[in-house]
Amino acid sequence: MTNTGERSTSERIIENLNRALHALLDGDDRVFFLGEDVLDPYGGAFKAARGLSTKYPDRVLTTPISELGFVGVANGLSLAGQRPIVEIMFGDFIFLAFDQIINFAAKSVSMYGRRVPHHLLIRCPVGGHRGYGATHSQSVQKHFLGVPDLDLFELSPLHDNTALLPRILARDHPGILFESKVLYAQPQLGEGAIDDLFTCEFLDEERMTAHVFVDRDPQAILIASGGSFPACWQAARQLLLEHEIEVQIVVPFQLYPFEVQSLAPLLSTAPALYVVEEGTAGGTWGAEVAAVVAEAWPHRAPVRLIHSADSIIPSARHLERDVLVQPENIVKRVSTDLHAIHPRSHHQ
Amino acid sequence: MIPPANLSHPVSSANASACPSRETLELLLLIRHFEETLLRLFQSGKIHGTTHTCLGQEYIPVAVMPLLRDDDFVFSNHRGHGHYLARFRDPEGLLAEIMGREGGTCDGVGGSQHLRRDRYISTGVQGESLPVAVGAALQLRRKKRGGLAVPFIGDGTWGQGAVYEALNMAALWNAPVVVIVENNGIAQTTVRSANMAGNIEGRARAFGVEYLRCTGHEAEALQARLAPELDRVRQSGAPLVVEFETRRLAAHSKGDDTRTPEEVAALRAIDWGADYQARWPEIFAEVDARMRDRMAAIVEEVESRALSSWSNR
Amino acid sequence: MTNTGERSTSERIIENLNRALHALLDGDDRVFFLGEDVLDPYGGAFKAARGLSTKYPDRVLTTPISELGFVGVANGLSLAGQRPIVEIMFGDFIFLAFDQIINFAAKSVSMYGRRVPHHLLIRCPVGGHRGYGATHSQSVQKHFLGVPDLDLFELSPLHDNTALLPRILARDHPGILFESKVLYAQPQLGEGAIDDLFTCEFLDEERMTAHVFVDRDPQAILIASGGSFPACWQAARQLLLEHEIEVQIVVPFQLYPFEVQSLAPLLSTAPALYVVEEGTAGGTWGAEVAAVVAEAWPHRAPVRLIHSADSIIPSARHLERDVLVQPENIVKRVSTDLHAIHPRSHHQ
Amino acid sequence: MIPPANLSHPVSSANASACPSRETLELLLLIRHFEETLLRLFQSGKIHGTTHTCLGQEYIPVAVMPLLRDDDFVFSNHRGHGHYLARFRDPEGLLAEIMGREGGTCDGVGGSQHLRRDRYISTGVQGESLPVAVGAALQLRRKKRGGLAVPFIGDGTWGQGAVYEALNMAALWNAPVVVIVENNGIAQTTVRSANMAGNIEGRARAFGVEYLRCTGHEAEALQARLAPELDRVRQSGAPLVVEFETRRLAAHSKGDDTRTPEEVAALRAIDWGADYQARWPEIFAEVDARMRDRMAAIVEEVESRALSSWSNR
């Protein structure tokens, strides 16, 4: 991030996440942590698990390379009343566990006639920008949309994992937390001024839906997945400073089911609505958000979608850059649509 | 870990020829009549969906279930009516479930393949339950009360990779899982030789999992044979695979049997039912008639119930 | 189907499909067929494979219960220049093979820098209405949307598999053909009058996009997945006969990427647009179609989505009926929206 | 099927102490310098992304690749640079690929883990290639020219269910697959005892697959040992698992080594490089210097190339 005036906080996002995990294991002996190479001193490929195995050796399980199997084990722990958290090393491998997630974890909640609690949180690092290539860089969120009783969340710099993770693990049904890998090293932000221009507030009491703004009367709202927030933020600064276009950013912690109510107050000013995400084209989260918005406000102009190209994620950095959505793509799209500062009539 | 004694010594019919207790025979024949009744109900169009009967295999759950405690987990599969009936002796609930009537175990939402009651759970995807059983077993072991997780699978299910991921973790983590394998030599229409290279014993042992082969179809003898082995797992935590050699007498589900009538007749000739009938004709006839009548009465009663409603979604 | 005046054709859809498979194996010795229990006399759980193993014993492989594995085997055959067709017994089990489909089959085409042909067709029976319960009744299409180089198709009564299957297997990248199980026993239809009211024509030369109509000036168009066509057809009859509402039905053989061009001529009359599918709520194919339409015609009112409830598919017939979209749901939704025969102004 | 002779007889260093040919030594040291160069380039920030070096394991592809024919399929994995170099002797193409420069094997699209050239293919998901290899092998057998499909996997990859689904089908269908297992006793940071119950030999045999253990690190002796076994598979079609006991000298990828310096030093002390250097100091020094220089020149040349372009999408 090249923003100026970032608020001073020394915590990085991975540290916030790690602290959240510690608190979970500390506070409740039903909480387990499973995944590949999660023991200390390694603490998992991205270090989210650091310290856990030292403090809670009996509830941290390092697993064989068996994604289907260990998600199944977590399902069994959950059946037995426990609250497992599973780490998938790279989100791309979650496809191996698709059956246990969709056909067992999610279905168990309702397919036996009476609601059966199934506590399970799957952590799933996703996304590119690191040159890992096609099988280690996908944004796999889209593939999990629309499963009854499977909630989807996304890590963001704005949301406090120590507050939110306990709440989502306490739900009676499973969830997946997608985590953009490039966020880990970035500073944890939150309510208040996040730089010299933008302020963050939450639209709901649970502090699930973050709202980043400079002014109360924006020309566009970007609904951003947590992982695309940094690009949106940078784009918003540029739009403001270079194009005099004011955009606000809404970052929902919960991707699915998408809670459209929180948007209602913002939409009264009826600006153009965009959904921004890193996922590649087709079957996107944005399409789902657009459908939910269209259902709630059938007379609005359609939500516009900004996402990565219709492509695998190539390995070389310069090629990867061309595929993944960048701040300048957002700037260009929004500024072109809005024709500088004057919104055209068709945005209604 | 205590090395189990004589694990490969088969239990055969010859080992025990005492007449089964009335209770055992009642359960065996209840399952049999339940399944036969279901097939008739399907044929007459009174049930929709699908079903997989355990005809020929009834003695396996009858042998296993009395050894299990309430806090043990049972994971059943598509061919699970016998498992359910042997655990709960609740033909009314199961029939109502399959017919979508009030009082069904899962209010008709689950159906034949998706049953849940207490710590008994079944689902329709082969192999899915094995890793789940490992997880449940880990928690049981943590509780230190000697609980077991007991998945039932068929021979064909050994095609699923999940089985091996689970065996590996069960052995590594000393998870008290007892896999009951109902090896009927066929998977839907595919005979074992077309499905499986090597054998189940070799596969279990290759993953450091103990193995026990059970032949014969005398429920009580099998139960006696299994009792100390299950106790051993309760104590040591070391997982165990128990393979029953058995036979499927009916079609895979309803009418889809590709075996020749001669093949099926040969299986029927060595069926436990035929054997029991020949050896203990009087008590067999008496219990058989009673269970037939009981099932008839149950069908009548359940059929008169209202359709189930799915209130607690 | 309770339609009257159905055109006389003696072929059932499963027979048309079976004929198509025979022709494929007959015409090209690179074509293989793999799946569980596919040998004669059984010919697969739904009999699509009947006769294949007798005629082409060396190219029909009955597999162990190893969905991930045998899709992988098909991938290997494809790598070696062959053209495998894979049958998944119930679509619900395709989740086990997700990794081989997304991470190997689809990615192989482009992730090695140069385009590498990968011929593969996966047949995937889906859908409910048969009382099989939650793990045997899903419409899994949604989970495969938006994968580069993975085309999605759906069986319909209107499309001739003998013409289309060879074409999709000839493409240089993999495809999945979703097949609504309840269609198999229904009569194969095609161009011409399909009953006393409706006629079918194709909007494109390849005969991929079917158009079913009574009149040239409809009040609504239903874009129907192949499996939901029977419900749409019945609804269209009822809307016409009981509500005097004229709707047309468009049935694309290709679900994804959705070819929006074929709709252009129809949209000039600007009727209300619906997408109808059996899939349950959330992340639907309809949302994808709506997004594509919104991108192409940003000033249209949003496409409306009709689908099954947000629920697992229960087993008992009366419960299943309540979850799955029925003709009367379509009738009710369309007639309510259109207020009898006079479309309201907000439909543009 | 011809029973393979002495399959479990290990090949040890003692069996062959002839000085390796210059060609073999060149290839070994080319791979070593390639990998060491990569680590330096990463450290100096000249390469992005990730890499997994085969330092310590170089002799395995050097032993195996000369036995393979152009029409054999090779399936490599994340730790595949040695496999690629031993098959194609193309350090320029590989380095350009990893650096995203013109002339890269896959135009920089694939990167270190996703290489494809002719019948050589690698990918980054563990275990994925095994069922694929079975499919390719089936077609090779159909062609009746004795072709092989040869996947390389590590010990940790035996955690994946796909491995067992594939072994089963390979054995059932007599698919000429030769699985090369590079057992370095560790998977990322997880040692074998925490990953694997039982052992690889038992697992192969449990699926009816032949097994050969190879110890020692003399490429040519290993090659000679393997030659007749591979020929046998070419003739019979019966799949084979070959397990090499080996050692990973460097981190899993770049800096992520959790082993103690002592552990790593102990491995370095028995490294093939140290051994060769001690036994054949002169030729070793000469070739070593030459390969070091060669890699330096290659780096300079490749670094001067333009960034790759992805034209044929």
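Chains here go by letter, A, B, C and D, matching the order in which they are written, and residues are numbered from 1 within each.
Assume a residue touches a chain if its C-beta (ideal position, glycine included) is under 8 Å from a C-beta of that chain, and two chains touch if they have at least 3 such contacts.
Worth saying up front: this structure is predicted, and the values here are computed from it rather than measured.
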Chains in simultaneous contact with chain A and chain C: B, D
Chain A and chain B, separation of their C-alpha mean positions in angstrom: 43
Distance between the centres, which are taken as Cα means, of chain D and chain A, whole angstrom: 37
Residues of chain C engaged with two or more neighbouring chains: 63-64, 66, 68-69, 92-93, 96, 99, 103, 107, 110-111, 133-135, 311-312, 314
For chain D, residues contacting two or more additional chains: 104, 108-110, 114, 123, 125, 159-162, 165, 168, 172, 194-196, 310, 313
Overall pattern in which the protein chains touch one another (line/ring/star/complete/other): complete
Interface residues, chain D side, partner chain C - complex: 73, 104-110, 114-116, 121, 123, 125, 128, 130-140, 142, 149, 161-162, 165-166, 168-169, 172-173, 310, 312-313
Of all residues in chain C, those that touch chain A in their complex: 68, 92-93, 95-96, 98-99, 102-103, 107, 110-111, 133-135, 142-148, 256-257, 279-284, 286-288, 290-291, 294-295, 298-305, 310-312, 314, 346
Residue ranges of chain D in contact with chain B within the complex: 159-165, 167-168, 171-172, 194-198, 202-203, 205-209
Of chain C, residues touching chain D in the complex: 58, 61, 63-64, 66, 68-82, 84, 99-100, 103-104, 107-108, 110-116
Chain C residues within the chain B interface of the complex: 36-37, 39, 41-42, 45, 62-66, 68-69, 92-93, 96, 130-136, 311-312, 314-319
